[in-house]
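All chains are identified by letter, namely A, B and C, in their written order; residue positions are counted from 1 within each chain.
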Amino acid sequence: MDEKIPRREAINYLLGAGIGALGVATLFPVARYIIPPEASGLGSSSVAAAKIGELKPNEGKIFKFGNAPGILVLKPGGDPNSASSYAAFTAVCTHLNCTVQYRDDLKEIWCACHNGHFDLNGKVISGPPPEALREYRVAIKGDEIFVSSEEA
Amino acid sequence: MKKIKLIILTFVAIQFSSIEAKESSCINCHLSSEWVSDTTIASVFMAGDIHRNMGLGCEDCHGGDPKIGFVEGDPVLAMDPAKGYKDPPGRLGVPEFCGGCHSDVEYMKRYNPRLSTDQLKLYKTSIHGKSLYNRKDTKVAICTDCHGGHGILPSSDSRSGVFHANIPGTCKKCHSDTGYMRGYKYEGKQIPTDQYDEYRESIHGILVLEKGDNSAPACNACHGNHGATPPNLASVSAACGECHANNRDFFNGSPHKEAWEAMDLPECEQCHGNHNIKAVTDDLLGVSEGAICLDCHAENSAGYLTAQKMSMSIDSLKYSIADADSIVQEAERKGVEGGQARFDLGAAKDDLTRVRSVVHTFDHQQVSEITTAGIKTSGGVKLGAEAALKDIKIRQIGLAVSLLVIIFVAIMIRLKIKQVDSKTDFEAWSQSK
Amino acid sequence: MPGRSKVYEWFNTRADIDNILKFMKKKTVPHHRYSLWYYIGGMCLFLFIVQVVTGILLLLYYKPTAEAAFESVQYIMTEVPFGWLIRSVHSYAANLFIGFVFIHMFSVFLMKGYRKPRELTWVSGAFLLFIALGFGFSGYLLPWNQLAYLATNVGTNFAVMVPFVGEWLLEFMRGGPEVTGATLTRFFGFHVAVLPGICTVLLAAHIILIQRHGMSTPVSIEKEIETGKARRLEIPFFPNFLYRDMLGWTLALGLIILLSTLFPWELGEKADILKPAPPHVRPEWFFVFMYQTLKYVPKALGVFGFAVAGIIWIILPFMDGKSNRGERNRIFTIIGVAALLYIIIFTFIGYVAPGE
């Protein structure tokens, strides 16, 4: 009987430790899960595309919007602090899905693949693209420029 | 009796018009089957002819006096040559008849300042116009064949024969009719009548006819409309280059440009065909079966080798992208974040699209610069995705550790059960019930 | 009593904890050759708690609109740390839960555990089964993928067969004449508010009733004890039975995380209302036997038949007079086995030879 008492205590101890470890193994994923991942607006409806001052007038920038690129342009002569000076579109060309870029010499959005030109309303000026680029809504919050896919 | 009927008819005529209708005895009579055998001319005119909607009446083209009241014998008065009435022009006279106004810049400005006034001039340069005037051949197309006579709609109206998507069907009326086209020759050869059938199956035809895409070319994009002619070789490429600008520029800088000019070969058409242009595939390039390059370049000639190298470069980029894509997909299926990888892979896909245009330089150097960059990008994506898949390994380690803990706990509970059972007096418990 | 803390006493004077503990200490569970089935109910409870916890976690990121639902689940699966695990656990545990609920129900049925005085426990359990199926049906749509969309379309369509209120019921479930984003939002509401609310009340009643009555001993065992062929054996609930319960839960947890890690629950492709339905659309496996049946009988008749069967199933304890008197009732055993075989066979056919 004398041996049984330490054995009983050992089982209790080990069982307690095991349950404790199991608790940690369960709570760790949960704790990690609760904190959302960084650098991403929840889902893909809006994203911080740039900071104020990052773009000079007549300059464009490609940003990641969900899994696809978007393009943010500060229009020539535009005030960097005003949302209306910016224009944002999907950067996926409507022709064959290449990524478009901003051409400061032409003041146009341009697709290098097949020489498609778009104006700063996203409309096709020339080249093969069949449709306009879809426009995104731009808003300024603090010093960040947010782009949202919701209807403007 | 007749008067009452006429009043009713006038009333009907007014009902027809959405805009203020001109009081016109022409319309009143021409809508009445008691006066004319065919009332469709007046009715289609009233139903929405652009001229009528602009406020013009019969007399503005045909002359005469529409304003006389109705008594017996008035038709003669209304259509009195002394009042400027002109007989219908007949097919030979139609272009000049329309051109009377449509070539008049000052007149046209009043109605539509943006409408050009060179249609008649262009028509006279067209194969249709030349045949009409030089050979007095009235079978060729005149204004009314495409635009209609009295129910003329603007080209922006989807019911119009000259609306973008309707143009192929309009040309087809004559050009697909073998009987009608018999005897018409171009450069000594019978003009074929299968253009529409070929076009309908082409990438452009599918876009225009099935998808209603008004940015894709209809017949007139290459042939012109009022000045329609069989285009010469250089002008076809110019037409293609309007949209396919990069390909045109690349081609113009390529060795093919001069060589083909010397051989009097067409440019784009030589490889891509004309009416039956299909969506291109990468198989057109290279030295395998079905590749166009083989039409001219003999085995192991310089051109053959370049074609082979360009094709191989593109293929390796494609494989590289597909490879990276499948690993990214595998990772995503297993719940690993693949958004950044997909985003990055987009750049390699751009390169693939771009290089398919750059092949028109027929310069392997330029092609391989792009494919190398693309392969590097997709290779990086692949490495990234593989690293992400290692994350799965970490998961499996995590799983193994958790399972060990669980099994350990299960064993401990089992031992504990034994232990508590051994201490329990089941008899006493059972008796207590 | 000596050695009790002041905190305990404070609570004891207000909640009579002594009495609860006394009850717990006295609680026993019969032990015989069918005792294994007593653990199934506890397993259901454990899986239900897993569902509540993982469900609440999923709520942190899930968005119940047609535009965002699929993307938000994708986001959970690919970007949120351990999101794949939480969602997969929720999906696997849901299926295990339904499976164990069925096993629980049939084991209770065949052991005649519903007989007097446990009729109400059975009735509450039968309703809990329907609630569980409702959870499964509504939850299946929430990721807004193509399969779920089609299955929901087919599933809700049967509502029109209900006499008089069919059309109304259909619109009530769908939030309109068709399955759309409105349906998704509605199902979300059912899944996370309406059903959990009802479920909590029923579950509480179910568990309290079980505590009041204790586990039922099958008629056959009772007979054996009466005739002296067997001896009555009871084991204490605490801790002997509870440890056995825990052993099962631990193993179930292991199985769930094993499946979730090796085969994360697939998301499929986003629902596209305009896409034509592929042939052989199948509902979730626990509806397949009903779905398959409706292929052989006129739909209205089938739906009516299932409704009647469901009602009979609920009031079954009141019809089984023999068992209530403590006699063996072979007819009811045959009914139970037949129902079980019917479900198994039709589910099997539904997967192997679904027909048109």
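Note that a contact is a pair of C-beta atoms (placed from the backbone, for glycine too) under 8 Å apart; a residue touches a chain by one contact, two chains touch by 3 or more.
Note that the structure is a prediction, hence the values are computed from the model and not measured.
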Greatest Cα-centre separation from subunit A belongs to chain C
Judged by C-alpha centres, the chain sitting nearest the middle of the protein is A
Subunit A-subunit C separation of Cα centroids, rounded to whole Å: 40
How far is the middle of subunit B from the middle of subunit C, if each middle is the mean of its Cα atoms, in Å? 56
Based only on mean CA positions, could you tell me how far subunit A sits from subunit B in angstrom? 34
Multi-chain contacts in subunit A, i.e. residues touching at least two other chains, fall at 22, 37, 66
Residue numbers in subunit B touching 2 or more other chains? 337-339, 402, 406, 409, 413, 416
Shared-contact residues (touching 2 or more other chains) in subunit C: 79, 83, 250
Enumerate the contact residues on subunit C facing subunit A in the complex. 53, 57, 60-61, 63, 68, 71-72, 75, 79-83, 85-86, 250
In their complex, what parts of subunit A are in touch with subunit B? 8, 11-12, 14-15, 18-19, 21-22, 25, 37, 64, 66-69, 96-99, 112-115, 124, 126-128, 130
Using the touch definition from the top, list the residues of subunit B that touch subunit C in their complex. 332-339, 395-396, 398-399, 402-403, 406-407, 409-410, 413-414, 416-417, 420-421, 424, 426, 429-430, 432-433
Subunit B - residues contacting subunit A, complex: 213, 215-216, 243-247, 249, 337-340, 342-343, 346-347, 349-350, 353-354, 357, 401-402, 405-406, 408-409, 412-413, 415-416, 419
Mind pulling up the subunit A residues that touch subunit C in the complex? 22, 29-30, 32-37, 40, 42-45, 66
